[in-house]
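Which chain is which? They are A, B and C, in the order written, and residues in each are numbered from 1.
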């Protein structure tokens, strides 16, 4: 049992070597007040659109929606029902939020040395002013304290948005989304909340509920989508609308970055088979690969930055998926091949100065082998920051050490928090900024970069690169 | 030529940074007296079962059985015959052990910076009290000195077993093994020596001598095994016997962790083909993949922990294999895919609280990409420590840095020495404990873990995790 | 904008930890005066063969031929035409070298933290005595200064060759090369400039201009090459000639290290199809795989060391290739598999003491998984130093940490600079020597290697290993 006060080390993420640590502090001090640029993430815009919105109980805020926490707790034998996750089979889920919080606190030691542990400690300390470590003894007290705060207007999503000094926040929205929340936010003056066009639910033919997703899209565009040609037209219309609503980027996810150009006839035929629900083997992969090409083509035309997030098997655990649905911590990364898979797309659009492509994957063996060389050659490619499991102290260090020598700093896209956990945003940026400054301090103390350059590079990593990459200037 | 005394640095494996080093020492001091838990290894139980057993000459103890040494010496042009390895073609092997030792000592510099070098220096110093470096000049003197000691009862296997403070030692035994050695050890009170059920020789249809192995199994169970159904029954019987004899785990090795559920008919048909020696393409892989499923099913039923060691091509060098046989240092790792290969097995048993699976591989690119995410989700998966070539200072550091942030400490299985070199056991645990403590000291000095937590984590890594993972409490 | 003087830190590449740094300096001081051994590279021998040769303008020396610089500048949107690269489509390329230099200087910040940046700073400082940082303000002044120096005899290739203290320099030459440059160099006494036999242009049937390359070979050997048998004979003749001209090694590059032994009939049939330009699917891969076997067979017979450079997709960007040709920075690495691909070759020649094979790849995930175990077993395999993108501070540290524990120091081939940028040779060796000494200092300060051993290992890495590996003693 811990006996000390909860205290975040002011030196966290910094090398213990005194000279490097001192310099890391200097770099960090020079950038720590910069606003947060959040060009990719999953915050629900409804949270911000409604001034009366509240986060709910501490359990609703911290535990129930966070698949990072759920997966770890589940991995140590805690049933998701006990964490309040509703089931599709009608088996009862715990509804006593204070009890769920107690269970969580008893297992908080599981997060020792993990990014979730670091973020949570930062949130409790710096957002809410908790000054005791979270454990079974303190759980109840801290729950009550948080519950009180969360009811206050000062802890509403809107209030925290301002307090967090977020300069821009991009949400991620389905192709069929009417963007009502963004519209009302913009009308209130929150123009820094921008949508991102994510058409996975309709371009990946194996997306759960594809037919229903398409129906929603039909409803949004007000037209029947009975052919590939009308499908493409609908997507183009929607992109134009998103752009009008402030979007500067799109995003697509797939298991593999395979790209291929189908003929219109082939694309029509696959789309027709999808509508009848009778796909042939290879149809899904070929259509997704083709739609990467089409989305790139549209990006050339409308200037939206294209993002690809590849290499995850979603819903690896079928039983869990059936009972609890997606996003419960059961997505597992896959190895990826970029060099050959992206070649068709890059041969078509890789030299086009109107095009911009940001790549994300979780196969770190591709950092130095494929991603950095690709970004270090093609004028259209930038590398996204370490994604998901690698959004961590070590993940960032590996990224810096494996990417930067070959890609160069200016072929990277800065940081994005990629989170649906709104309250964790400052903590996540804080880790990135600290690790970046410590890496730069290491370069300077090892004589590889001048100290003056280090300040510029720190600012770029903390702020400038993300704005430039996502055309948010 | 070295002129200094052989001296193991008390700081070995620790960062040169003084604050981190001091803390690493503190953590290490807190756990260095804990008994050794050895839940997986290849020590011959006959060594311990016979009170009169001796290790033989220094060459028989250190060189002839150690494929880590053989491979390195062979790689630098020393024929295995010159190291006393018997040949199948009748070509003469050196029999003068003092001469072999001299040859080894002349090449001991080849092990600079390798784990074998570190272990050997530790063994010579701490087990035998050698205080000079091993080289061509000292070889004869050290040989004579060791030879004298090895004849003494204080240096018998039994005596060292006690001196090493081994709390539990699991051997690895064929499915057909009658476990006579374990039986006599238990009768003498050595109940802490436990068998492990390893059925590779009969479940992998391409195992060398498969038919003979099956005959041995028939002989042990006292029944003909002429069908797949009787084969499964025999394995179940043997598992029950192993469990009665103290086994808490099984182990299986294969080139790939491919898992697949065959129908009983398919399994019967393949097994029948194996008996006639006329396998079809794919039979071996499918049967091994199916037997992974069956072994998991049996583990659910009998509670034995299941281990998988995957991703090695055995006997890569055919000419060497023909002349000298297996385990002479010619096994080479392969890349592995876990995410897709394990899915059938995990879909069937991955959520079953009665099941426990420990994974080992030598493809480090899967640490952060596949293994840590799998262990960080499935309640049934633990990750084994760095295996074989990666049982080294850097191998462990990579493991800690690439696994722990995602899997969390408590989804790992602590350490096991996996060795047939009994005398090296304390040295191997020593390296693990030192590297672990240094890693923890790094986390604390970088503000990522509290110092108090570090002590708990050090103890878990040195002792508790292995006991829990292998149900040795 | 930098305001300080350009100053290379004397501590560059060394750990900031004072004890490790001090020891790294001591190791470095002990080896920094050793001559440079350059057993593999792409320096044009004509540069040295002609005593009147000059490097041309600073732009011709530093920018136009350096695909490391071109790729980074291109990746940030600078057209290759603006850098003076001639086009095949007749579009005009910049010819004002002073203007190109200015453009380069304005973008020199892109090379912060990259090996190119480090080498260039070293070259400007230590070869040319430039004492200001290169940027838009200083560009013109530095250009004029360099232009003056480059016209002087003291800065001729020959003069620098002597000043650089190069003990041996191996060039890389096509199978059809008459080696006239080497011949005249040898006649002048420059016997330390040796050719290397690289037959890619004729053994890889998909090499650009394969038919013309074969015609050149026919012309050199003075015989028609109309069959596979005469082709093999021609290669054997040429190897004998290269050997007579001082060659000690061959080199081959391919996308994959796939090896296979074809029957003479199969080889004849593929070769015949190649002559008619009508290859079947698989012919190219099978023929290259077979020629690896044949080159190994010839190496057994003539004693030339065999090098394999595998795992790069050449000319990934078709549009760029069409306009600007090869070697403009558009080659992208691929993942590689060595364990299974090399097995046929190693089964045939891997134990033959007359054979020696040095392996290079850019898939770092194979360092610890495949390459180090292969080198740590087969007496014929050595590992080449980190190649191309990984010829960098971090690339070397990864190599040392991932290779050495398993392969051992003496199964590696030291350093080679692999460069066509003659003036960068000392800078490249300097980085290697520094990183090696810092790595050794880390081993000693962590108690893993004795200080005395460190001096021997430093010398081996800086000098001895390369000489032994390439039989340059």
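The definition used in the following text is that contacts are C-beta pairs under 8 Å (C-beta built on N, C-alpha and C of every residue); 3 or more make two chains touch, one makes a residue touch a chain.
Keep in mind that what you see is a predicted model, and the values were worked out from it rather than measured.
A.B. asks: Just how much do you need to spin subunit B so its Cα atoms sit on those of subunit C, in degrees to the nearest 5?
C.D. replies: C-alpha superposition angle, subunit B on subunit C: 120 degrees.
A.B. asks: At the interface of subunit A with subunit B, does the proportion of residue numbers present on both copies reach over half, so same, or stay under half, so different?
C.D. replies: Different: when the shared numbers are divided by all numbers used, the fraction is under half.
A.B. asks: When the centre of a chain is set as the mean of its C-alpha atoms, what distance in Å lies between subunit A and subunit B?
C.D. replies: 40
A.B. asks: At which residue positions does subunit C touch at least two other chains?
C.D. replies: Subunit C, residues with two or more chain partners: 15, 17, 365.
A.B. asks: For subunit B, which residues are in contact with subunit C within the complex?
C.D. replies: Interface residues on subunit B, with respect to subunit C: 2-4, 8-17, 71-72, 74-77, 109-115, 118, 133, 313, 316-320, 329-335, 362-365, 389-390, 392-395, 398.
A.B. asks: Show me the residue ranges of subunit A that touch subunit C in the complex, using the header's touch definition.
C.D. replies: My answer: residues 15, 17, 19-20, 337, 339-340, 343, 346-347, 350-351, 353, 365, 368-370, 372-379, 381, 401-402, 404-411, 442-443, 445-450, 452-453, 456-457.
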